[in-house]
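For reference, the structures are reproduced in the following blocks.
In what follows, subunit A forms one complex with subunit B and a second complex with subunit C.
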Partner chain A sequence: MNVALGGLLTALVTGGLSALAGLLFPTPRRATVVGIGTAATGVAAVAAGVAAMAGQPAVVALPQLLPLAGLLFTLDPLGGVFVAVTGAVAVAVGIYGIGYARHGLRGRSFQAVLPLFVLSMVLVPAAASVGTLLLCWELMALTSLLLVLAEHRRRPQVASAGRWYAVMTHLGLVVILIGLLVFAANAADGSFAALRAAGPTVSPLVAGLVFVLTGIGFGSKAGIIPLHAWLPRAHPEAPSNVSALMSAAMVNLGAYGIVRIGFDLLGGGPGWWWLLLLGLGAASAIYGILLAAISTDLKRLLGYSTTENMGLVLVGVGASGLFAASGESTLAGLAMAAALLHVITHAAFKTLLFQSAGSVLAATGRRDLDDLGGLRTGMPFTTAAFGLGALAASALPPGAAFVSEWLLLQALIHGLPASGLSAAIVMPLAVAAVALTAGLAVVTFVKAFGIGFLAKPRSPEAAAARESPASMLTGMGLAGAACVGLALLPTVILPGIGAVAAGVVGSGNPVVVDAVTIRLADVAGSLSPLLLALALTVALVAALAAARAVATRRATAIDARLWDCGGGPLSARMEYTATSFAEPLQRVFDDVLSAEQDVDVTHVEESRYLVQTIDYRRRVPDRIERRLYQPVLAALAGWGRVGRRLAPGSVHRYLGYGFYSLCAMLILLVVTR
Partner chain B sequence: MTVFGVVGVVIQLVIVVALAPLLTGMMRQIRAAMEGRAGAGIGQPWRDLRKLMRKQPIHPRGTSVVFRVAPLVLIATCLVVAAAAPFVTTASLLDPIADLFAVVALLTLGTVALALAGIDTGTAFGGMGASRETTIVALVEPTLLVAIFALSVPVGSTNLGAIVTAGLEHPASVFSPVSLLAAVALVVVIIAETGRLPVDNPSTHLELTMVHEAMVLEYAGPDLAIIELASSMRLVVFLGLLANLFVPWGIATSGQPVLIAVGVAVFVAKVALLGGALAVGEVFMAKLRLFRVPELLAGSFVLGLLAVAASFVLA
Partner chain C sequence: MLSLWRKIRSTGRVAEPAPPAPAPTRPTGAAADGPAALPMFGGSVQIRHVDTGSCSGCEIEIGAAFGPVYDAERYGARLVASPRHADALLVTGPVTRNMVAPLRRTYEAVPEPKVVVAVGDCARNCGVFGGAYGIAGPVSNVVPVDLEIPGCPPRPETIVAALRTLTGR
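This part shows the complex of A and B:
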C-alpha cells in the first residue's frame, strides 16, 4: 500500500472514529478528543494529498456500498492539492477548536459533526464518479449546515443565515446534478474515466451546457457573484472554527469542481467558457473586496474577502483556459499554477484570520469593528496573528498572497502578445481588476487591523479583553507558520504546484525554481521572495543602527501627551472608526454601492440654531442581492399566497382535486394514444 | 560582476540618500524664487534633519510598537528600492527583486506602515490621514499596474533591468506613443503616490486638506527625521524610476569608473530636471478637493489603458 492510499484510508478511519468519539465521550473531554482526532485526520489527509501530488495513485472502489453505482475514489495530483489544503486547514482548526469549544460548543451534535465535515471535504476531491461526487458533496453541504446552525439558540440571525445557506447550497447541488447527469448520459457510465473518454466527443452544445450548469453550482459554492449571497451571511454566523473550515477549505472545492469538469473531464473548451469565467472572477474579486472594505463586521469582512480571493482564483483559471484554447500551453500552465498557489495561500491566511477573529469574538463577544480597538495590549498574540494574516491577505511583500498574485499578473501580462484580439482587450482589464482588488485589499486590511486591534478600545469589553487559551494560540501559530513559510519559501512547493498545473493543462512545468528564486519557464520573469524579505530586514536593521548612531542625544524616550488641539485628553469616542475610515471609499464608489444614509438633527427646544443631538445612520445594502434576489423572493412569496387559496382545508376539495386530475390524465391518455 | 554589483548598490544608496533632502530643498527654493521669496536655501532640509536628530525621542502616550517601527519600515522600503532598481547602473546585485511589481508593492508597504502608525495614535488626525492615504493608494494601483503592463509588453518582462536595457538597445521604442501615454499616466500616479500638489499639499497643516501630514502629526525628533528623509527618498526613487524607464540613456552598463561617474552625473541631472519641472508646475496649481482626486486618477487610468492598447496595435 502506498502513502496516498494509506493516508486516505487513515483519514477515513480517524475521521469516523473522531465522529464516534464526539458522540460517546463525556462532555469534559469530548472537545479535546475530537480536536486531536480532527487534527489527525488532517495530518493523514495532508500525507495523502502530498503523495498524490507526487504521482502516487490511490484508488478505492466500493462497488457494493451504494446501490446502482457504488462508490469510487481516485486520488490524482489535482485532487491531491485540494485534499492536502483541506487537511492542513483541518490540522490548525482541529487544535484551535479544543479551546474554542469552551464557548458553548461542547455539545454532542456539534462535536460529532465537525470531523464528518472535514472528512467529506477530504473525500470530495477524491471522488471519481458522478454518484460519489454528489454523495460527498451533499454530505459536505449537510454537515456544514448543521455546524453553521450550532449557535442558533443564542442569536436569531443564525437561523436566517442557515436558511439562506441551506437553500442556496441545495439549489447548487440540483444544478450540478442536472449538469453531471446530462454529461453522464452522453458517456458510457458515470465514472470519471468514462466521462473523460467521452468529454472531447460530446457535441459543443452539450459540453457548453454541462460547463455552464456545473459552473453555476460550483461557482455558488465558491461564493462567486451573483451567487455569493449565502457567504457573507453564513460565515459570520457560524462558529469561528467552522467559518475557518468553510472559508479556507470548503469554498476551494467550488474552484476544484470547475477545474475538474472544465479541464479534466471536458478536456478544455472554447474561449467563451473561460472568458465568462474570467469576467465573473474579476467582477467577484472587485465587488467582494469593495463590500469588505465597507463592512464593519469583522467576520463579514473576512467572508467578503473570501469572495474576492475565490474571484482571483477564477481569474487565474479563466485565463488558463483562455490560453489553453488559443494554444499557449505554457502560459496556461502558469495561470493555473498561480490559481492553485492562490488557493493554498488563501487557505493559509484565511484560516489564520478567522481564527484570530474567533479569538477576539471569544474574548470580547464583539464582531463589530466600531466596538473594538486597543486589543494589542490585552491580546498581543492574537494581534500579531491577525497582523500577519492581514499582511498576507493584502498582497504586499513580504506576504504570502504577493507571490501568488505576482504569478497571476505575470501570466496575464505575458498573455497579451501571445493571443488574439480578445486577449488584447481582456488582459489589460483583468490586470486592472487584479490591481484594484489588491489596492482595495490594502484599505480593507489596514482598516481591519488598525481599527480593530490598534488605537484605543472603543468598548469596555475590548478594554477588558484577555488572551485566548493555549490550544487556540497553537492553532493560530500553525496557520501563521504556514503563512510565513508560503511567503518566504514558496520555492519549496512551487515545483509541485507547477507540475500539477502542467498536468491539468497538458504543458511543461511553467515555473523553474532554484533555492530562493522563482523563474518562469519560456517567458521572462523572476522573483525571490526570500531575498526580498532579507533585503528588507537588512535595510530595517541598518536604518535602526544608523539612526541610533546619528542621534546625538542617547537619552531614553519620554512619553508625551497626544496632540489634542488644546481640548483636553482625547477619548475613544474621538477616534476614527471603521465606518469613518471607509467613508471616502464609500463616496468614491457611491455609484456602485449606493449607500443609504440618514441624518436626524434634534434641536434644542429654546432655539433651533442650537443642536442637541445628531443621529447618523448608514446602511450599505448588497445591491446585487437587492436587485436579483428580492424580486425572486417576492415572486415566490406571491406565488405561495396564490397557492394558499387552493388549500382552504376542506377534505372534499382535496379529494375533488385528485378526482379531476385523474380524469384529466385519463383524457390526456385517450387523446394522445 | 559581483564587485561591480556591490559598488553599484552602494553608490545608488549613497546617491539617493544624499540627494533626497537636496532635491526637496531645491524644489522649495524654486517655489520660493517663483513666489518672490528669498527661500531657505537648498541645504535647509539637511539642516532640519540634523536638528531633528539631535532632539530627544518622544513617544506619544498610548502608542504601541507599530508606531515606533513604522518610520523604520518606511525608510527600509525606500532603501531596498534604492539599492535594487537601476538608477546608476543596470547590473543590480538584487536583480531577482528588481521587478516592477515588487518595487511598487514595496513602496506601498511603506505607506501602509505609516497608515497603521497614524491609526495607532488613536487621534482623529491619524485616522483621517490613514483613511485618505489608503483610499488614494487603492485608486492609484490600477493605473500603476496598467502602466507597468504597457511598459512590459515590448520587452516581455517586468524586470526593471530588462526594461531599461531594452530602452538602451532600441532607442526608437522610447519615442513611441506607448511610452508617451504610459509616461503621462505614471506622472499622475507618482504625484499621487508622493503626495504632491494637486493631490496632497506637502506643506499644509490644515486639517481639511491634510493627507500625509495628518498621519505623521504625532511624530517628533529622530522619528520625524527618518520620516522626512524617507519621504524625500520616495520622491527621488519615483522620479528616478520615471526618468530611467523612459529616458534610460546615460546609465552605466558596465563597471568602468568613468561610466559609473557619468551614470551618477546623468542620474542627478535627470532627477533634478524632473524635480524642477514638478516644482514649477506646483506653483501654478491649487490642491484638488479630495473627492475630485478619483477623477484625476480615472483619467490617468484611461491613458494607461490606451497605452496597453497601443502597445498591442503597434506590436
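This part shows the complex of A and C:
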C-alpha cells in the first residue's frame, strides 16, 4: 500500500471537507469540527511526508482540472520533509485553534479558509509543474492574506499590515512567475521533469536570471532582508494560530523553493549564486535577531526571530551550494542536512512560542512585554511552554536548535580547509555570524521569558491572567513534546534528514547515528544530545544538592527581610522592563540600529531644580525599511499625484482615452504584422 | 589608551606615607562612651555608607579618604554597594525623620558581627541641626553606635585613622 499517495489524497479530502464544514456547520460547533479536521489533514500530511522521505513516490495527475496545463503533484523526499513539517504544525495548531477561536474567530469565513491555507501549504511542496506550483502558491498567499485580515474590525493596524503583506507577497509571486516562465521557455514543457532535464543545458546567463528571480520571490516569502518588511507587520497582527502556521510552516516554503529550483531543477550552479544566498542569509540572521532583541512587542519579536532562523537555514543552503560547486559533496550534504534539521526545529519551537504568545494575548489582551510579567502564578502551563520554547530557540545545549546549529557550524568549520579562496574568506565570517546570532538569540529569549512571564505583573490585566482552555494547552503540549524530542533524540530523524540531504546534493549520507550519538561522515565530530542533557541535569542536581548541604550544615536559619534598599516594599514599577533590558545592546549596536530617543523633563513651577515628570520615548525604526522602502513609496506616491491629472473626471476624456488607445493598438498590430 | 598609560607613568604614586599602625585595642577617634572592645575583622572590613541627611561635607571627606592620596583601601577598608556585603556601616548626617526606618532596616540587613561608625558631628549629636524640624536625633538614637569620628567635617586622616582601628592594620 502506498502510504505517501494515500496520505496526500486523504489530506486533500479532509482539508476540503474541513473547509466545507467551516462553511456549513453552525457557530457553536464550527471551530471544534474545523480544528479536528485541520489536525486530521495534518496527520495525513505527516504520514504522506514521512512515507515520501522513506522513498515512496506519490504521483497525482489531474490534467482536466486546470485548462492548458493541468495539475500535477509528485511527492519526492525533499518535498516530503516540508509536507511532514507543515502537517505536524497543522496538527498542533488545529487543536490549539479550537480554544483560541473563542476570542472572536468563530466566523464562517475564517474557519472555512483556515483548512484551505493548510491544504495549500501541503500542496506547494508536492507540486510538480510550473502551473501547479504557481496555483498552489497563489492559493496559499490569498488564504493567508484573508486569515491575516481576520481581526481587522478590532484593530485598524491590521489593515495596514494586510496591505503590506498583500503587496509584498504578490510582487514575490510576479517575480517567481517571470523566473519560472523564462525557465520553462527553455525547456520542453512546464513540468518539473522537463525542467530538470533542461536545467544543466540552459545557458549560464538564463540559469542565473532564473535563480535570482525565483530567489527574490521565494526569499521574500522566507522573510530574508531586505524583503522582510511584511513579516514583522503581518505576524503580530494575524491571529496567533495563523501566526504560528505562517511562521512555522509558510516561511519554510520560501527555503523549499530556493532548494528546489537551485539544486533540483537547475542542478547546482556556479559558486556566486550560493555566496549571494549565504551572505543574505547571514545578514538576515544577524539583523533579524538584533531587531528581535530590542523589540518589546512579543509577537513582533517572534516575527523578527523568524527572519533570523530563515537566515540560518539559508546560510546552510548557501554553504551547501558552495561546497557542491567546489566538489565537496559530503560537506554539501552536511550543510544541507543542517539546514533541513533547522527548518524542522524552527517549526517546532516557533509553533510553541506563537501558541504561548497567543495564550498570553488571549488571557491579557496585551502583547507589549513592558505591560506583562508575573504570568507564572496565573498561567503556569503557558509559562512553562514559553520557557521550553525559549530554551529551544536560544541554541544552548539542552535545546532543540542547538543540534541543528551545531551541525551547521561543523559544516562551516570543516569547509575552511576544504575549498578555495572564497570559502577561506567566507566560512570564518559565516561562523562568526552564526555565533553572534546564537548569542543574541539567548539575550532575546531571556528577555522575552524573564520580562514577559516572571517577576511581578506590570499591568492589572497581567495580574488577572488565567490559564487558557484545555484545547489550547493540548496544542502547546504537542509542540512542546516535539521540541523536547528534537532536543533529546534528534538521532531518530537525523538518518532520514541526512538521506534526503544526500539525495538533494548527490552525496553519501553525511551523518551516521547510533542510539544516542550523532557522528559526521568523513569529518571528525560527534555529539550525544541525550548524554549532554543528562550530564547537565546531573551537574545541576549535584550543584543544588551541594549548596543545600552547605546551607543546612549551618546551625541556625535566620529570617531576614528581603533587601529593598530600606525604602519599603518593591513594586512592579521598579522592575527591569524589556526596553531597559535591551538598552545596553541598543547602545552597542547603535551604528546599525540608529535608535531615536528623546527625553522631556518638566519642572514644577516653583523651582527649576525639582522635576515633575520625565518623559522618555524611544523608537527603533527598521533602518533597511527606511532607506529602501520609503524612497520607493514616495516615488510611487509622486507618480500617483502626477497621474491624477490625467483623470480630471470628464467622461469625454475617458472615452477619448479608450478610443485613442484602441487606435494605437490597431496601428501597432498593422505595422508589426 | 597610550596617553592613559603615559599619564599613569608620569604621575606615579601620590599616596601619603602610611602613619604607624594603631594600637590594637584602643580606637583613636572613639568617643568616651564607645564600647571598649570592637569585633576584630581579621584585617579586612567591608563598609556600607549611609547618608541619613548629611550636607555632603562628610561625603566629600570620605571620598577623599578612599581616594588615591589617603587610600584607605591599603589598610583593608573597602566601600561596598549593599549592606548585605558589609561588616560596618558608615553613617553621616543627623537622622532625618524619613531616614529613621531605612537606617534601621539597613542596620538589620548587615550580617553579624557588625559595627556602626558615626562620621562627623551631625551623626554624633546633630551638630548645627540639633533641635531642628524634621530631625529625629543623632544616629545613636536609632541604632547602637560603636565608633564616632568627630569633626565638621572630619579630616580624611581622621577617618582613615578611625577605620584602621577597625581593620587593625
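One rule holds in what follows: the second predicted complex is superposed on the first by the 638 of 673 C-alpha atoms of A that agree within 3 Å, B and C clash if a C-alpha of one lies under 4 Å from a C-alpha of the other, contacts with A are read in each partner's own complex, and residues count from 1 in each chain.
Keep in mind that, in the parts below, contacts are C-beta pairs under 8 Å (C-beta built on N, C-alpha and C of every residue); 3 or more make two chains touch, one makes a residue touch a chain.
Model, not experiment: these values are computed from the prediction.
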A:Gly567 touches, of subunit B and subunit C: first, second, both or neither? second
Subunit A positions touched by subunit B in one structure and by subunit C in the second: 560-561, 563-564
Residue ranges of subunit A touching subunit C (in the complex, touch as defined): 560-561, 563-567
Subunit A partner contacts - residues on subunit C that touch it in the complex: 82-84, 101-103, 105-106, 108-109
Complex contacts: residues of subunit B adjacent to subunit A: 53-62, 64, 66, 72-73, 75-77, 79-80, 83-84, 94-97, 99, 101-102, 105-106, 108-109, 112, 115-116, 119-128, 130-132, 134-135, 137-142, 144-146, 149, 152-153, 155-159, 162, 217-218, 220, 222, 225-226, 290-291, 294, 301, 305, 308-309, 311-312, 315
Subunit A residues touching subunit B - in the complex, by the definition given at the top: 293, 373-374, 376-377, 394-397, 402, 406, 409-410, 413-414, 416-417, 424, 427-429, 431-436, 438-440, 442-443, 446-447, 449-451, 454-456, 516-517, 523-528, 531-532, 535-536, 539-540, 542-544, 547, 550-553, 555-564, 570, 572, 574-576, 580-585, 587-588
